[in-house]
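Take a look at these structures.
In what follows, chain A forms one complex with chain B and a second complex with chain C.
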Partner chain A sequence: MTAAVEFQSVSRHFGPVKAVDSVDLTIAEGAFFAMLGPSGSGKTTCLRLISGFETPTGGAIRIFGEDVSATPPHLRNVNTVFQDYALFPHMNVRDNVAYGLMVKGMGRAARLARAEEMLALVKLDGYGDRKPAQLSGGQRQRVALARALVNEPRVLLLDEPLGALDLKLREAMQDELKALQHRLGITFIFVTHDQHEALSMADSLAVFNEGRIAQIGTPAEIYDRPATRFVADFVGSSNVLPPDLTRALGGPAQWASLRPENTRLAASGPVTGTVTALRYLGSGTRVVLDLGGTEVAALLPAGQPLPEPGAALSIAFDPAALHVMGDAA
Partner chain B sequence: MSREAIFPARGPADRLTAAFWRHPRLLLGLLLTPPLLWLGVVYLGSLAALLLQSFYSIDEFSGMVVPEFTLKTYAELLRPSNYDVILRTLLMSAAVTLGCAVIAFPIAYYAARFARGRLKALFYLGVMLPLWSSYLVKVYAWKLILAKEGIITWAAESTHTSGILNAILALPVIGGNSLSTSYVGMFLVFTYVWLPYMILPMQAALERVPTSMLEASQDLGATRAQTFRTVILPLALPGVIAGSIFTFSLTMGDYIIPQIVGNSANFIGMAVYQLQGTAGNIPLAAAFAVVPILIMLVYLTLARRAGAFDAL
Partner chain C sequence: MHSDRASLGLRIAAVAGLAFLHLPILLIFLYAFTTEERTYAFPPPGLTTQWFAVAWSRPDIWDALLLSLQVAAVATVLAMILGTLVAAAMSRARFFGREQISLLVLLPIALPGVITGIALRSAFGIMDIPFSTWTIILGHATFCIVIVYNNAVARFRRLSGGVMEASADLGANAFQTFRYVLLPNLGTALLAGGMLAFALSFDEVIVTTFTAGQQATLPIWMLEELIRPRQRPVTNVVAMVVFAATFLPILIAYYLTRNGQELAGSGK
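Let's look at the complex of A and B:
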């Protein structure tokens, strides 16, 4: 099977700034792929390289096997849902959705009928006559989605698709996007800085750091076996243990990661420290201990007795939960 | 450190501030009264007085204004010679507006999309600088530039393009003896002096169009020309209309440029100037002055009907 999108040591440098630095990436056809990373990590630039709004300064990008380095955005069968939705304010919703068909020269009746179908797909039937300004954030997002899908792209790009929505709506949209992708069977690539979003929606993801990919894998692989300290810390705020602490806790003398939810508090142990902070999270409480200069967090389920700040405690965990990493930062 | 929940008023200023806080409309009212008086009484009042004058007429024997309501003056306005003045002014204003729009758009687009930092400052300086010098000086300078012995004729001769210049001057109606005595020359001078009034509102409108909207258009398959026609132009249209209101009405009312450049044909501004001055026919001058107002109202209504303000 050909890959939907393939990066071959792709770079995008802006003067001395290496926004994307020799990235290799293969995204399978039909995948729901996430690019996860903090702001400035190069994930959005990668998305713009696929859509054609940035051109690589090095390397090659292939979309379904074809080199697109000389192809302008309007000739790529790739569509984007923009972060600010970028709906045309002077057109009503139906004309917005039909825009892609209009510029391709489809007749008015046919394209408006098609736009209505797309609006039904995103559950906005009956909203065609409204202006974008008359819609809520969630509705605008759906219009942007319908507008991007009307051209039947082979790859759909979503730039922080849920960033502007409130929590409840965000969760509902996550399920809906997932269902939509399943139904259409096309490749979805989305950019996000929210690890929960990436882990729950994507079937594979790339974690970006400083213009490079730190790790590629399925959500479970990334979460359970982070390749680098950065990934461990960024995805799920894992405890990153330096070699000497790992050894003191019974592991090998190497960097390791330990999930807060796999960490328990213990009255005594090989290393003791003091409780420095408690953060109530609703479903539990995050207790932070200072273990010889390293902050280690344990997630206490709700209902358990809480320690006092300043109390001297140690930690305990199932040895299988300790994930030993390489030396990579 | 004081521990009171409420501090005592320190004087009338505190009490006044508190009064404004309790009655927010009081401050707004105080702020708005002087400008509203100015706008309502001085500005619109004088316009109403002008309108009223146009419904009076002049006694042909004594030359005195007869303060009685009549449409006689408006009938006079539509006499062929006066009608020609109106039509000439209208065509010149339309041509100047179009010329300004065509020249201003690329400049405004560049300034809005690409110019940053020092380049942007340079842009504003470049656009505003001509406005700082005297209008009369600029017009006379242009008369010299366009004159038969002027720099344009000289440049055309030196580059062996006199043929083109002569062909332009040989055009019927808009041509003439030299650029400075032709409608072409007048068009150039008008376009020059009013150009900043077109660039600035256009640039402001274009600046409000987010880049992502242009990218969305391209992303959906639009070529550059399609993006321009279906996204940029409609979104910039309020700015273009605002600019055209300036260039159009400024050209319609101007009485200096047609006197200095051109073939001495009469324009609305000149007619008003002569009628209220030498001829002493205030009612007809007022009727002439009403014409640009009516034309602008028609223009704005048409623009509104065409959806020019939908993007506002």
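Let's look at the complex of A and C:
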């Protein structure tokens, strides 16, 4: 099967800044793929390389096997849901959705009927006559989604699709996007800096750091077996243990990752430290210990007795929970 | 008890202020109908409409009017093209010295007209350019560009760059994006800018004095006419024409930009 999107050592340098540096990436057809990373890590530039708003300074990009490096955005069968939605303010919702069909020359009646179908798909039937300014953030997002899907793209790109929504709406939209992608069978590629979003929605994801991909894998692989210290820290705020601490705690002399939810507090142990901070999270409390200069967090479930700040404690964990990493940054 | 109404003193002051500003304009209209042709005695000894006929039959008025219309129209067209291009460059590109150039573009409207006038006059002199309709047009274009630029740049700023990309992303070529996205969003701002520029050019006196040579635009003609006490009410008739020619475009521009705010302020 041909990959939906394929990057072959793709680079995008802006002068001395390597926004995207020699990235290899294969996204399977029908995947729900996430590009996760902090701001400035190159994930958005990668998305814009696929949509065509950036051109690579090196390497080749193929969409369904076809080299698109020289194809302008309006000739690519790829559509985007923009971060700020970028709805056309002077058009009503129906005309917004029908825009892609209009510029292709489809007749008015046919394209407006199609736009209504798309609005029904995103549960906005009856909103066609409104202007974007009359919609809530969540509704605008659905319009942007319908507008991007009307051209029946083979790949849909979503740039921080849920970033502007409040928490409740965001969770509802996560489920909806997932269901929609399942139903349409289109390849969805979305960019996010929110690890929860990436882990819960994507079938597979790439973690970006400084213009390169730090790790590609399924959410479980990324979460349970982070390849680098960066991935361990960025995805799920894992405790990153330096080699000497790992060894003192009974592991090999290598960098290791230990999830706070797998870490317990113990009265005594091979290494003791002091409690430096307590953070109440509702479902539990995050207790931070200073273990010989390394901050290690333990997530205590609600209801457990909490230590006092400054108390001398150690940690305990199931040896299987300790994930040893290579030395890579 | 709390009241939304302003105090009596404030209301009287507001009415007095408006009366001070606008009663003289009404007087101009009134004296267009007076029977006394040498002085503006109050109250007018009698009322007549003969001055409209007199004004209609005087070729010097027609010459001045046509010149003014011609200058205002050409200066406005020039300003709309150049002002829009400058605004597009300023809002879509980042380059060295951008802020300074932006200031330079705005300068002609901040400078006193006398300075602009003298500067242009000596420049035309040095370059051996004889005074003509074109020198007046160039003089007016200096400030008309600023008006159009100001209107256009504000609209460009409100129009998020994303909508142009969204248009391309949905399959529109550059022309379609211009036609269906840029123009509808920019149109009212450009029209409003053009109207204001036209109105400004139509009643401009100072820069025109320095760049017109022997020709007289309508405001210059009025200025000369006031010095000669002959058929004075004709000047008032012309004043009404100037009033209509400048007030209507400004009124239209006001409504255009007011609606435009609702239109373009909805990007996010």
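Points worth noting:
One rule holds in what follows: the second predicted complex is superposed on the first by the 329 of 329 C-alpha atoms of A that agree within 3 Å, B and C clash if a C-alpha of one lies under 4 Å from a C-alpha of the other, contacts with A are read in each partner's own complex, and residues count from 1 in each chain.
Note that contacts are C-beta pairs under 8 Å (C-beta built on N, C-alpha and C of every residue); 3 or more make two chains touch, one makes a residue touch a chain.
Just so we're clear, the structure is a prediction, and the values are computed from it rather than from any experiment.
Upon superposition of the two complexes on chain A, a steric clash is found between chain B and chain C.
Judged by the touch definition given at the top, the superposed model places A:His182 against neither chain B nor chain C. When both complexes are overlaid on chain A, the residue A:Ser51 reaches chain B and chain C alike.
Of the two partner chains, both chain B and chain C are touched by A:Tyr99.
Of the two partner chains placed by superposition, A:Arg279 touches none, neither chain B nor chain C. Judged by the touch definition given at the top, the superposed model places A:Pro132 against chain C, while chain B stays out of reach.
Within the superposed arrangement, the part of chain B that overlaps chain C, taken from 1-9, 163-171 or 217-225, is 217-225. Shared contact residues on chain A (touching chain B in one structure, chain C in the other): 51, 53, 72-75, 78-80, 82-84, 86-90, 99-100, 102-104, 147-148, 151. Across the complex, chain C is touched by residues 51, 53, 72-75, 78-80, 82-90, 99-100, 102-104, 131-133, 147-148, 151 of chain A.
Contacts from chain B toward chain A in the complex involve residues 210, 212-213, 215-223, 226, 230-231, 234-235, 307, 310-311. Within the complex formed with chain A, the residues of chain C that make contact are 159-160, 162-163, 165-173, 176, 180-181, 184-185, 262-268. Considering their complex, residues 51-53, 72-75, 78-80, 82-84, 86-90, 99-100, 102-104, 147-148, 151 of chain A touch chain B.
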